[in-house]
């Protein structure tokens, strides 16, 4: 949480027009990103050492960058201090040329702005802002446009919209996306809903803007490229990062048949580490693939033995284990 | 409805093993189909003359064939006699080399079998069978596998599965599709749900079968081709048939950039004549494009002037009007 | 299905104003009704003999009448001829002073009108008309008001609205109910959704009309009485009819404590024979309680042994077995 | 947020068995509570003066106590410090004999425990703990039982479960409630889902425990009393508190007819300040009724003039304005 002085200076900065992205250009977010998990010790403390180890291993994969504290990062379980500390550590570990996109969404607009500013201060290159959702019955297009506009106005770094209805029960409406795409500090969107008709429509209706769409899951990555997305933030890339990047290359070079074959083999493993078994499934898989997975914070529970067996089958039956 | 004699002979045929597809081969259903609308007179009678006129116009488009009495055909509003009579008339009008796929789904297995057999008798090349749905709470995979197996066992012509959750509130589960794909008389599936991850998974898990997947809407046609679908049944093809077939050609010849541009321009018009304004929207558009649209049967209502204006905008803003 | 002559006479009748409810008064539908199941033989024919036996046994319970071909009656699996024949047989068996309310809903307005007129001809005292639902995306209040108004205009007997979202995916909107309650031939509503706030609101907003609301399930019968409903159509009354009628008496005589105790013991058995195990569960239970349950028509499947055991527990743990 | 020392002492306390409710008895939570709103100044700071003024006015109503930081309190928009400060101020203002139930739910189990302990320290008599929901796909009964058990084990004051699916997209499963009702430090539940069949079942299946159920809204308060609930936490009680308490009295004294009439008149105003117009609607109404409503924190938006008019009509048409 920002102290009152910082927040006051943020507001002053706004009034002087200084808080806009000083680089004067939009960042190019195209490419593949793993939404990095947050490792915990057996006593549920953040394990910064294991985080660094994981990042070193992930550093060998040709990712565009790293998403820190997407849904996969268990951000709702972290304190504000932990959220910032994690991003700060990541910044120190990863190469300068890798984009660091930090999740800074909170329920209130004010808290989101504060977290956004703080994320910039600890080294994030851009923020990814999830839709507020607790009062989803009142989260009209107008309310969401107001929210994101405030955040983007006050953010020193570019803003990426983030729609993830499986977690929020809310789809950022297309008309709101189109309006927000015109904001000079909003550079794109991560869409995890999996509705490729919607993704195509968003690409179409924002084509006159400098606006980029990332698929929020590898399950529909090929299809998203086909309709105009430029990359993906893919939980599965935490364990099969090279393969996800290979799928990207096949799409970008027009090798659609090979891309299709690879895409097919990634659907079940991806569902297993997202919709079906969630972060506990992903972390278990990380243990298998040489990363540190470890426990989740409660109330997320470990997999049962039956779930673990089903998880393994989703990888082995597709030739990954 | 079949008389008792016909039904008895169907059952005898089954016991003698004669009811399987006598041609001994599976039909190739790849390609584009319009789900033909049923024209009505001002007094809500089926207008067979207008039906023939529409078919003559549609005959100039390089469709693989015609789907008669998909959801777009208002089949739930037709009597059994009308359902068969419409198919019979279509058979007489369209060229022999065009596939006629007739919707034969009813709520009960027995009624579906009877309708399927009758559809074959009046000239259908294949049937498309929607999931029964009134008792959706009990429509488990087991129940649906049982239903489709009975229908396919007894059908003299190939069977296409049909999943359309917007109408039925029910997704035919992937595991049921995989099981059913092994039936020698089940040749494929029309999936109208728009979940391209699911379509890719179905293609992947039925890859060892002779099983073909059609997209149920042009909104996700390009993406469906990208993940392995082989065609589409597209309401919009009733008015923009040439364009939908052009999109097919661009996909099949690997011209993905041009395909993407065309796909983008078809999303809003397609949503307008399906999800947003339904069959009344499609029929109104048909009137604009030189076909006979005419009224729907009640309880479907005509568009309001405001709806009609919004419908027109969805076409004109994409350059189609 | 009516022949053309009958239908023509219906339309003539309408134009002469003769088709309105000739009795000139609204029927009082308050009370408890079992939605009677349709018995089938082992070969899936309607078993009229077993139907009569069941009705004789049900005749000893102080029901207000019988609902024939509600959702529990498997009406979507019956031919038009069977629907009418079943009602005709019931009329001959039950006492004159018991109300016979027949389900006459079809997808199209025209078919619903025809079925309604036919139901009156074979002896129904009133019809219960389920919302059309296949094109639920276009079933606006305006469309539904139009549908029910046409049916009520042309029906020779009173009309009861029927909202059952678990089957139809559609709630008849409150504003449509309020408008329709003003129609002289619409006497009430069966609401199976279980939202007692909604039921209270409907009672409140129709209080100036002669309009009665029936709970569509015994699970919320006490609560419905508390907010102003006047009875119920309760699947569980097919096996625990005396108990459901006892609950009615306790409510009507203000014995709320005893009512609450009885209500509590009926919730799990009721869920078991509706939401949880459906008609197969109810028919299995009928076999236990001395009625004829027998098989359902396909695609409804028999319970598995595990389901049957769970069903039995829901009755035994509440002291009914 | 608790400092590490406090948290360490909490854990030590647990191991010594000292953290259980030292009073050695369960609190009686029966009665009516307003879920108090959090007043903000024009610059979105918490307005503690206005909070006190509101509480003084609410103090004239025969409430059992006050719920602080239920969903109506905008708790997701408050910092941890603000959450505690608000409760602390309320404790100083309200009479000792009024129960102060504080919302202490957070996404992680650990944060919820810390907030719970802190709420006890600042004077709460009990806590109300909303279901964690961001990872709802993994919030199985087992996970939720684990979460609430940990919180109840470590809480120095009694715990009330809180299920509010409109906000969380999650219903606390009945089997989890039944298991948790056996915990000595869990005294009851607030159920805001409005499914009175479920409420009756919970009362029935926890009848051997000392477990009390509160309705989460006045819309189904009468019906909830009818099936065994013992009170309600009702947003509408912030403006029509006397009337909600009158409804309680009518229910408790068996005056069901008068209760029904009053209940009917409260449904639309209640929907208006909850589902339909949310907290902005409630705060606007508070301004009308002599309380301080004021603005919400962003992203919640003020009502539009059309919404405000509709809100007023929902009160005036029922005789409250």
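Chains: A, B, C and D, in written order; residue numbering restarts at 1 for each.
Assume a residue touches a chain if its C-beta (ideal position, glycine included) is under 8 Å from a C-beta of that chain, and two chains touch if they have at least 3 such contacts.
Per UniProt, the chains are A, B, C, D = 4-hydroxy-2-oxoglutarate aldolase, mitochondrial.
None of the values given here were measured: they were computed from a predicted structure.
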item	value
Reference interface B-C: repeating pair among A-B, A-D or C-D with over half of contacts shared	A-D
Furthest chain, CA centroid comparison against subunit D	B
Distance from the mean Cα position of subunit C to that of subunit A, given in whole angstrom	50
Separation of mean Cα positions, subunit D and subunit C [Å, integer]	38
Whole-Å gap separating subunit A and subunit D, where each centre is the average of the chain's CA atoms	33
Subunit A, residues touching no fewer than two other chains	none
Topology of the chain contact graph, where touching chains are joined (line, ring, star, complete, other)	ring
Residues of subunit C touching subunit D in the complex	194-197, 200-201, 203-204, 207, 217, 219-220, 222-224, 226-228, 254, 256, 259-260, 263-265, 267-268, 271
Residues of subunit C that touch subunit B when the two form their complex	1, 44, 71, 76-77, 79, 107-111, 132, 134-140, 142-144, 146-147, 150, 166-169, 275, 277-280, 297-301
